[in-house]
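Here come two complexes built around chain A, the first alongside chain B, the second alongside chain C.
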Partner chain A sequence: MDTAVWLQSGLTAPILLPLTGALLAFVMRRRATPIGLLSVVALLGAVILQVPSLFADGPQRLAIGGWGAPLGVDLYADGLSVAMLLMTAVVGLGISLYAAAYFRDTPARGQAFWPLWLLLLTALNALFLSADIFNLYVTLEILGLSAVALTAIAGGADALVGAMRYLLVSLLGSLAYLLGVALLYHAYGTVDIALLAERIAAEPATWAAMGLMSAGLMLKTALFPLHFWLPPAHASAAAPVSAALSALVVKGSFYLLVRLWIELFGEIAGGVATLLGLLGAAAVLWGSIQALIQTRLKLLIAYSTVAQIGYLFLAFPLAVGTGATAWSGALYLALSHALAKTAMFLVAGNLLRFGGHDRIADLDRVVQRLPLSMAAFALAGVSIMGLPPSGGFIGKWLLLEAALTEGRWGWAIVIILGGVLAATYVFKVVGYAFTQSENPHQAQPVPATMEWVAFALAVAAVLMGLIVSQPLIVLEIGNPFGIQAEVAVQ
Partner chain B sequence: MTPMGFGARAGHLLLIALLAVIFGGLALAVLSLPSESPGLSAQVEAAMGETGVTHPVTAVLLDFRGYDTLLELVVLLLALAGVWSLAEGSPFADRRPGTMLDRLSRFYAPLMLLVAGYLLWAGSASPGGAFQAGAVLGAAGVVLTLTGWRLPVALAGWPLRLILVSGVSIFILVGLVAFFFGAVWLDYPLEWAGALILLIEAIASLAIGATLAALFLGGRPEAHP
Partner chain C sequence: MTPAVLYALTGLGLFVLGLYALIVHAHLLRKILAFNVMGSGVFLVLAGLAGRTASGIPDPVPHAMVITGIVVAVAATALALSLMLRVAGATGRARLPDEHER
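Now for the complex of A and B:
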């Protein structure tokens, strides 16, 4: 068998490895933890192996079943896809190591966790690799269902109510997306993104499909004012699940929206890009202010996610005219947010395990007792605020650059204001961590793994600010942001 | 009905107006579509000779877009994994069925197995196939459960779970067969395609039937035998 087929077939590995792991973990419940950890390590290896061939041969396309579009389903990996796969694998490994320690005392929950978590990784990887809008719908279904089931694992009324609402929202989003797929298929006779891009025209069916698919994905990404479901679901889930939801799951639907926007809808959207940007700006301000007034740490972090998602949507209007800078900025922010937000939620899990609560005002000098966790929180906070050196700084800097080169001061002010508000809510937590509480509490031991994983991810978020050029080069392999088209227009 | 405040009523009216606008817009978009869709029927027809089956729906589901179908099987398994993560054990207490139900189910259950087998076989040439056969198998499982039949304890643990994952597993494994022929994943060699598709469908219908019946049962049967 020739090497080209082998290399192409490597594209299925990020999907098949966690899927096989999920099946094994489901059947062999008692071995679920080692199976899960092995699968995630193998996944990271498989994704890293994709990088050299990406540099050497550019974007890869694989026609599953040998058919090719439009009859079959194609996988497609360019720099953007591989960057998202890398983010998922790295954050996924961190969450897996944490979860292995987190669920040690509750084996029944752990056994339920692993198959669902591996299926969530399968769905994310399949989503990042798919080039077919119907296949993407199926991946969205697996992603949504596994995320809901994982939310419910925490048990208790809060988690179940949050999960139920999440389920309904997720289904509504999927159905809106599917209706858009049906309209596009009827109008253009294909569900392959590349073929659709050639055939798509500005007509009512396309506008309706754009509205439906964008609305469905905005709902799933929790863009203001469709964010109402996120804080209860993300705050009530178990710590590793909260981290996965905030760091990875919302990025899946965001990635898909960016893809559709660049390939299909961008040309015909007109003022819709500005609308998305305005909603993003509102999300930055509203989410940050809500985060500031929360009294519970996990809710604060969840509202911070609402605000950070808002930043990602600023790229839609900013990309008009500046193209790659704005998209690179938003995606760089998405990647570093994944690392930083995972670290924050894992720290919140450590504090919950340590003190039995997550009331911010009662943190009670936790900095002396869990110094590693609080250091992780502060480092992750640096990236969330967008202070140098951190991945968050680079992302926001690129967005700011895109805003300023075109003289769009309004967007620039939102970007800076969001950073100031983020600094305020991060320092609020850090401040309480130093002060003595009036209600001292019994402390429980926290496994060292849980602290070190959070710390390592926070350090990685900061490192993203020091190693900038390589991730940016990877992101732009295969020209995912359609720069050639921009030049031609100019 | 409790009286609504002005704000709530205005909110309702606003919601109705918004939904009406969305509905109107969608209706316009649908009406604007050409009644003849370009579709892919002609291309499917042209490629049928390379699939090893003769029914176009089966060809699309198992061959052209087999990857989608594999992921749909994952969705079904995931639904069950989700239910099992919520509920420990089956909420069904043992009950004694009436004479009528008892006799009828003894009569129906084998018949349903036969119907499932036929649907599976028919799928290669006419409408039918794994999902239909699996649905009938699942219904047989529901009827048996309702009449007090229980899976033997020895089978309720890993053997049942193995059957539940068998549909997705066989799909992945058959897909890997392609590697021996120098082809990409899920590309069945033509001379084997018909037989391989039937193998996938047979095992998938068993897995689908087991999953549907287990979903009806609610919790993991092993937890409360």
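Now for the complex of A and C:
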């Protein structure tokens, strides 16, 4: 009995902790910052405590309130879910510490930030734990709405227009996904992923559902050519929000697409995997080139996100035949991108605070004046480029291995070319950071916390390249990428 | 054609109609209304295709989903409307500027 209760609290804690925090922070506005920080620390602790029991007992399934599938909503945690939960908790703690310092001078915005941010964490964690495609729709909507509201709190016409466009895209994606859910429920009489996996067959209803759900999720993940909404929204938001959107929110819909693909659609999809891969390759090249020609730092980083999302989609064609290697590579890349991209956006926030602008050409000798921030940018850049030793290197290496063992040279060339382009745009920023600008500016002080958090996350992204085996072992708990995924029902 | 199929086709028709309006209309209020039409289409598909037992009692699960969906749609519409007012206040127009205008 006791273990059952403990298991229940273990699986629901990542959802209930931030949710409680969000409600408390909304009611007790004056104490929103300590409540937020406390919730995020507790969340990280709860997720870490979950890891040993997963190692011991394998994947866990929990029927909430004792109502099992098909009627109830089940939670399910395997290595893939826990890896995403860990990523969210670690990056979430970094962003929270940064936000506490960032919003110190604008308490009204801070009070709007904390409830929405904790709600966003709630939605992400629920997304990673749900085993029910309708519940996943609800989590997608909470995620989208809280992300849109967070974008809007920066104020100003740019942020409001960016948030509005983001909202329209997000709602369209969710509705397409929901129509797919309706078709699957009609055809197979269940919304539980494990039960669907047993019943699903190659027939028109499945193909229609696959098309609608994949298109909706691609739109939300900002896969080329559906990426048009991402740069304005991510670049106009406040720095901690930009970091959360680029590092975490797009990974939520990507995770869902991977999960659906592995469990439901992969075997009946045929050529669609190649199409996803081609769009990913186009995103790598287009996003990198766009990043290169941007004149504003935040837009450069946002286009870099478009390119890195492209990499993740290369796994869909590469997984045909190589299976786990390609998926592990893409997920490893997603985890290290979350750390590196958060660091980059936080550095951009520091530079904006310091100089009052983010024009790359006018970065006035910031290397000497904000050495810690620029070191963080360079280290994060190492991971984004995919140089060893860094998490980005391991992820790209696994993808390359998957491409080369099958002799698919085309994909390998895209992977390498994207790395070269990434090096070019990172060095462009670092280069301007050394030079003196013609427009010297009045420098504003940057709180030390904001510099150290960015630095710590960038170091973590590089460390991901040195401690490769542990994250990979966590990812493989419960064999989420197995061709015949074993679903252990407790 | 059974009534269930008729409902489902009407629902799909509403979805496509809403999608068309979403793309062609520039005014944000029309876009938000278009979402509501699309949402109603999805709900009609869900409820219309709900299975029935031999005694004619409908499957309650899709109805529960539709109610949840309506709650989500109300929240999303409220957020969209308030954001639209803020956009109109900041830019003077309740529409999204074209990329080349900015």
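Keep in mind that, in the parts below, the second predicted complex is superposed on the first by the 479 of 490 C-alpha atoms of A that agree within 3 Å, B and C clash if a C-alpha of one lies under 4 Å from a C-alpha of the other, contacts with A are read in each partner's own complex, and residues count from 1 in each chain.
What we mean here is this: a contact is a pair of C-beta atoms (placed from the backbone, for glycine too) under 8 Å apart; a residue touches a chain by one contact, two chains touch by 3 or more.
Predicted model only: the values in this text are computed from it and were never measured.
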{"item": "Contacts of A:L71 with chain B and chain C, given as first, second, both or neither", "value": "both"}
{"item": "Touched partner set for A:T322, first chain B, second chain C, both or neither", "value": "neither"}
{"item": "First (chain B), second (chain C), both or neither touched by A:S288", "value": "neither"}
{"item": "Which of chain B and chain C A:E141 touches, first, second, both or neither", "value": "both"}
{"item": "Which of chain B and chain C A:S383 touches, first, second, both or neither", "value": "neither"}
{"item": "Touching partner for A:Q308 - first (chain B), second (chain C), both, neither", "value": "neither"}
{"item": "Partner chain(s) touched by A:H186 [first = chain B, second = chain C, both, neither]", "value": "both"}
{"item": "Superposed model, chain A: greater residue contact from chain B or chain C", "value": "B"}
{"item": "Which of chain B and chain C A:F26 touches, first, second, both or neither", "value": "first"}
{"item": "Partner chain in contact with A:A152 - chain B first, chain C second, else both or neither", "value": "both"}
{"item": "Residues of chain A contacting chain B in one complex and chain C in the other", "value": "71, 134, 138, 141, 145, 148-149, 152, 179, 183, 185-186, 189"}
{"item": "Contacting residues of chain A [partner chain C, same complex]", "value": "71, 134, 138, 141, 145, 148-149, 152, 156-157, 160-161, 163-165, 167-168, 171-172, 175, 178-179, 181-183, 185-186, 189, 191"}
{"item": "Residues of chain B defined as touching chain A within the complex", "value": "25-26, 28-30, 32-34, 37-40, 43-44, 47, 63-68, 71-72, 74-75, 77-79, 81-82, 84-86, 88, 158, 161-162, 164-165, 168-169, 172, 178-179, 182-188"}
{"item": "Footprint of chain A on chain C - complex, ascending", "value": "8, 15, 19, 22, 28, 31, 35, 38-39, 41-42, 45-46, 49, 51, 61-62, 65, 68-69, 72, 75-76, 79-80, 83-84, 86-87, 90-91, 96-97"}
{"item": "Residue ranges of chain A in contact with chain B within the complex", "value": "1-2, 5, 8-9, 12, 16, 19-20, 23, 26-29, 62-67, 70-73, 108, 112-113, 115-116, 119, 122, 126, 134-135, 138-139, 141-142, 145-146, 148-149, 152-153, 179, 183, 185-190, 203-205, 207-209, 211-212"}
